[in-house]
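Sharing a structure below in structure tokens format, with a few things to ask.
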Amino acid sequence: MTSLLDRYGYMLWMREFELACLEGVPTREIHGELHTGIGQEAIAAGFVGSLRADDALCSTHRNHLHAIAKGVDMRAMLAEIFERETGLCGGYGGHMHLMDPKLKFSATGIVGAGVPVALGHAYAARLKNSDSVAVAVIGDGAVNTGAFHEAMNLAGVLQLPLIVVVENNEWAISVPFGASSPTATVAERASAWAASGVKVDGNDVEKVAAAFDEAVAKARSGGGPSLIEASCYRFRGHFEGDADTYRSQQEKDERRQIDPLTITRARILERALATEEQLVGMETSVRSALREMLAHVRAEPHPLGEHATRHVFVEAGR
Amino acid sequence: MTSLLDRYGYMLWMREFELACLEGVPTREIHGELHTGIGQEAIAAGFVGSLRADDALCSTHRNHLHAIAKGVDMRAMLAEIFERETGLCGGYGGHMHLMDPKLKFSATGIVGAGVPVALGHAYAARLKNSDSVAVAVIGDGAVNTGAFHEAMNLAGVLQLPLIVVVENNEWAISVPFGASSPTATVAERASAWAASGVKVDGNDVEKVAAAFDEAVAKARSGGGPSLIEASCYRFRGHFEGDADTYRSQQEKDERRQIDPLTITRARILERALATEEQLVGMETSVRSALREMLAHVRAEPHPLGEHATRHVFVEAGR
Amino acid sequence: MRNLNLSQCIAEAINLEMERDDRVLVIGEDVGVQGGVFGATRGLQKAYGSLRVLDTPISETAIAGMGVGLAMEGYRPILEIMFVDFMGVCLDQIYNAIAKNHYMSGGAVRMPIVIKTAGGCIGSGAQHSQCLWGTFAHLPGLKVVAPSNPYDAKGLMASAIESDDPVVFIEHKKLLLTRAEDFSFGADVPAERYTIPLGKAAVVRAGTDLTLATISGTVLPAIAAAERLDAEGVSVEVIDLRSVVPLDVDTVAESVNRTGRLLVVDEDYLSFGLSAELVTRVIESKARVNHFLRHAVPDVPIPGALSLENAIVPSEESIFTAAKELSRRV
Amino acid sequence: MRNLNLSQCIAEAINLEMERDDRVLVIGEDVGVQGGVFGATRGLQKAYGSLRVLDTPISETAIAGMGVGLAMEGYRPILEIMFVDFMGVCLDQIYNAIAKNHYMSGGAVRMPIVIKTAGGCIGSGAQHSQCLWGTFAHLPGLKVVAPSNPYDAKGLMASAIESDDPVVFIEHKKLLLTRAEDFSFGADVPAERYTIPLGKAAVVRAGTDLTLATISGTVLPAIAAAERLDAEGVSVEVIDLRSVVPLDVDTVAESVNRTGRLLVVDEDYLSFGLSAELVTRVIESKARVNHFLRHAVPDVPIPGALSLENAIVPSEESIFTAAKELSRRV
């Protein structure tokens, strides 16, 4: 069992990781649209402990936290995001395409496209007669893609071990959830695909963990697909550089008050699972570990241009 | 109000029309995969009377009956199907692409692709502040396409006047409904898109008409989208030439006994809406009208090869 | 000079068309309240309301299919597919319906639709950096336009909206983000409406030794490279194709007939695309092509790291090198 | 001679691969119980069960995406997209994931996937008649194979399955429906397993005056046209390219070097496709190309009526005419 303190530790790593990434944008070390999960840590941290290495996790454009939860090497991730040769994908992928086949982790920049991929992993479990599961994490906006429907449908038909977690941060770029969903919740739609549906407070890491663990257990035991909707709020713009004028300042100010790290921290203290000093110690050590990691990554080389034509094909091509 | 006798008349035209089409296959006057709606007439005949010229109907590969219900000129249809210059589309379309813009009728050969098109028509009604509606007819197999989901979702969000009729003939080529649907019915999925859902006996033209008319009335009055599932059975192979070995002979024999024309005819007699003689008279006259139509169409010219490069662009292209 | 950037010019063009023609609509993700992720539909929803400028869910197939239905109803929808890379989720409606309905209906149905999208490399990796005009150009029934500067962007967008044919309009992300004053040409954009005919290339720099034909984001670096080649004694004529379909072969052929050398620079993938088609058509036109060279993304996905991207995407430097090499061929 | 038709040969090839490699799967619509709408997966579900040969709903994006996940799990899925025309609904997974995952992962992920589909004209109209190999070929990371005869179909399918790269395998509908005895070559198919390397063209008819390069359904009519041209004193060498990616330019260039004339016949759309790419690459190879001609579908959707289709799709007659014209050019 993953303790609340452990989860808080993960959340700290996640937050600090994202903060480290932010540094690469103004310095132009990171290009393209960097999407961070700041404010949404309780969801990914809720996954921890339920997944094994042989379970798959397919993520999105906003994928760093999920990769951390799956156990992907953070330094390799950071190096990939900072476009280094030492990155998880040698610099070929970039921040939207973190992939770690050993841990069955992958991400895509196409909204909704990870769900059919997770379906394939789930089908592999069936083929292997194994009890491994597949998780797809998506945003609320992805529920409206055809890919989501097709994959959910097939998972329902075959009752495959697929768990789709919807991080409902209420916005898909500038489009509010209500303008893209005909139903009040995503969870209530689950029966259309013969899946279980549940909505949880995504700022409550324990609630997420309980719902997630239940869905995983159900999937492992042949109980079929689940759809978990976790409410949350994206603290920053859609990507770094987004003017984010579509959300009112008041909304942003208010909602950022509800910080999953603060909530979890308070709970830990309340339950006396750790002392204030211990927590500060944890926080300081994570922070400095990440500072160090970043410094190392920054010293690493960029991939060589002359290698850019590698890896198009395994065998001879063109 | 369209009488049952009128509907039977439509069903006769539909059946005879399809039988006429069948003749063009062995003679190689019709190429490609011809799909007929024989056995499914009660559904399209149930549309009659509810739709106006300014309502749209978007159909599928199995589209002839829907076109007839919408009032498309049968002779032009037959000529198109028989690949004549005088055809509805001048021979450019073929049997899967009957299009009559004046009646807002169109068809597509891509499964599911008609639903987003109907959505566009429904949105046009909103823009025009008109009470016209849009209908998409699809098969049970199309419910699993991403296009269906995306269009239903947007119709639900905007509460547009979209009616999707699912002709559930239990088979999508060789794949039975149960192997592609996670739910026992399509209708029960409707709430996922904030649509009304209803399942009707698609062999009962009156039940179809009632459900359809209700959905149209609801849509006209701003009540939003509906999903109507009409059960039926495809009497012939998926297309002419299909060996159709995936359905047992017993199933086919049994199910073809339940013929919507026979059912409707018996009901008419039962209710004394017409005499046997009158019905035979109707049947004979429709049959001979179609024989004559076919003879005429067969005498019409094929489009000239030298015209094949027309109509790619309205303005100069390449 | 008004110093508008390219995305403002696009918005202005759409605005002018929407003003004069009620049938023009804008449908897509983030086009309304936000005015487009690149600002290219800014102000339109305020001006024309949320029905004519519709923010949609992330449902590109619904967007594209809606466009088909709306066109059948007499509307002239502008469908925004945010990045051209996302076309794969809705290409069916684009090539099987939008591109073919006019033909399949024997001319009875018209599809006056603009598919407005952003392409090009800005360090965003394999799924957010493609150009793909070669993909659309291969599919009959679509016009394919890609402007290189603010002036053209406005005039070509007006023509695209006015066209009764479907037009895929690909805006280059880098240009969308470039300020007008940083354009060496086409930065001065009149406030009033004007159109630029689709299918007319522009000779953006005159030269005598070598014809360089390109489009979209590589026009500016091509001109810059040409300036530098002057110093090397090579006079380069630069042609901005403006559209891939129609492809203005005449303008290129006429130039090559004078220079004898043709360099095609393409930010899209090298093979089975613009570069081979243009080379082949110019030769077919009987122009005197003594030497030609293609310089394009060498059939490689766009890599994540900028150091890799820079190595495969045509730049001023690489264009300079390619042109120089071609100019020396004997 | 066993007189198998082409679809049987494909099924046999898949069968042999499934027998030797448990990781090979078949996923698609109607591939199981029915054995494929063209019979090209016949018998496989009976032999390998409904898990390894899965009948799916009409959900091509799910099919293609599943393939990605299964490949990551070490499987070698054969994904059937019934007609190549339907690719537009799932191209995203094909070109943004299947084609790029190997690259985006820096080589860590492999996508040994076969996308098996049917193309070509048989009087089915604009949405059921396309070839589209040019579309796939433009997108880096995909191999594109299209066999012209039963022997090649079997051997190329074996290689496609064995390949660690994704392969789009386009079977021509007309060939699928042609009986083996009606093939003038490649009709004799051994029962045992064999492979034909991807990217090696075949000189299917030797000649000295003109090189005719083509692929898939137009190889047979090209040979027939060539026979007739003999009578006119024109000796035509016919090359079956077999794959569009890799494109065997060497074999074509070597031939053209001898003949001086190149005719490319393509049942796919003319522009921005195979024909221009091949012409350009042959010229780039420095082969002596005195004259060339492209004969392909003239950028027109495939019409419904056969009388129209016949006017725009290359046939024995039209190939004969094109070759004759080219042979007379001076």
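The first chain written gets the first letter, and so on, giving A, B, C and D; residue counts start at 1 in each chain.
In the analysis below, a residue touches a chain if its C-beta (ideal position, glycine included) is under 8 Å from a C-beta of that chain, and two chains touch if they have at least 3 such contacts.
Bear in mind the structure is a predicted one, so any value in this text is a computation, not a measurement.
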item: Topological distance between chain B and chain C, in contact steps; value: 1
item: Joint neighbours of chain D and chain A, given as chain labels; value: B, C
item: Chain separated most widely from chain C, comparing mean CA positions; value: B
item: Centroid distance [mean C-alpha coordinates] between chain B and chain A, Å; value: 45
item: Centroid distance [mean C-alpha coordinates] between chain D and chain B, Å; value: 35
item: Geometric centre distance via CA averages, chain D-chain C, whole Å; value: 31
item: Sites on chain A at which at least two other chains make contact; value: 87, 89, 91-94, 97, 108-110, 113, 144-147, 150, 153-154, 157, 179-181, 312, 317-318
item: Touching two or more other chains - residue numbers and ranges from chain C; value: 56-57, 59, 61, 85-86, 88-89, 92-93, 96, 103-104, 125-127, 140-141, 245, 247, 271, 299-301, 303-304
item: Category of the chain touch graph - line, ring, star, complete, other; value: complete
item: List of chain B residues in touch with chain C within their complex; value: 56, 58, 87-94, 97, 99-101, 104, 106, 108-110, 113, 115-124, 126-128, 134, 146-147, 150-151, 153-154, 157, 310-318
item: Residue ranges of chain B touching chain A (in the complex, touch as defined); value: 144-150, 153-154, 156-157, 179-183, 188-189, 191-195
item: For the chain A and chain C complex, residues of the former touching the latter; value: 31-33, 80, 83-85, 87, 89, 91-97, 108-113, 141-142, 144-147, 172-175, 179-181, 245-246, 302-309, 312, 317-318
item: Contacting residues of chain D [partner chain C, same complex]; value: 61, 85-96, 99-100, 103-104, 125-127, 134-135, 137-141, 244-245, 247, 269, 271-277, 279-281, 283-284, 292, 294, 299-301, 303-304
item: Residues of chain D defined as touching chain B within the complex; value: 29-30, 32-34, 37, 55-59, 61, 85-86, 88-89, 122-128, 271, 298-301, 303-312
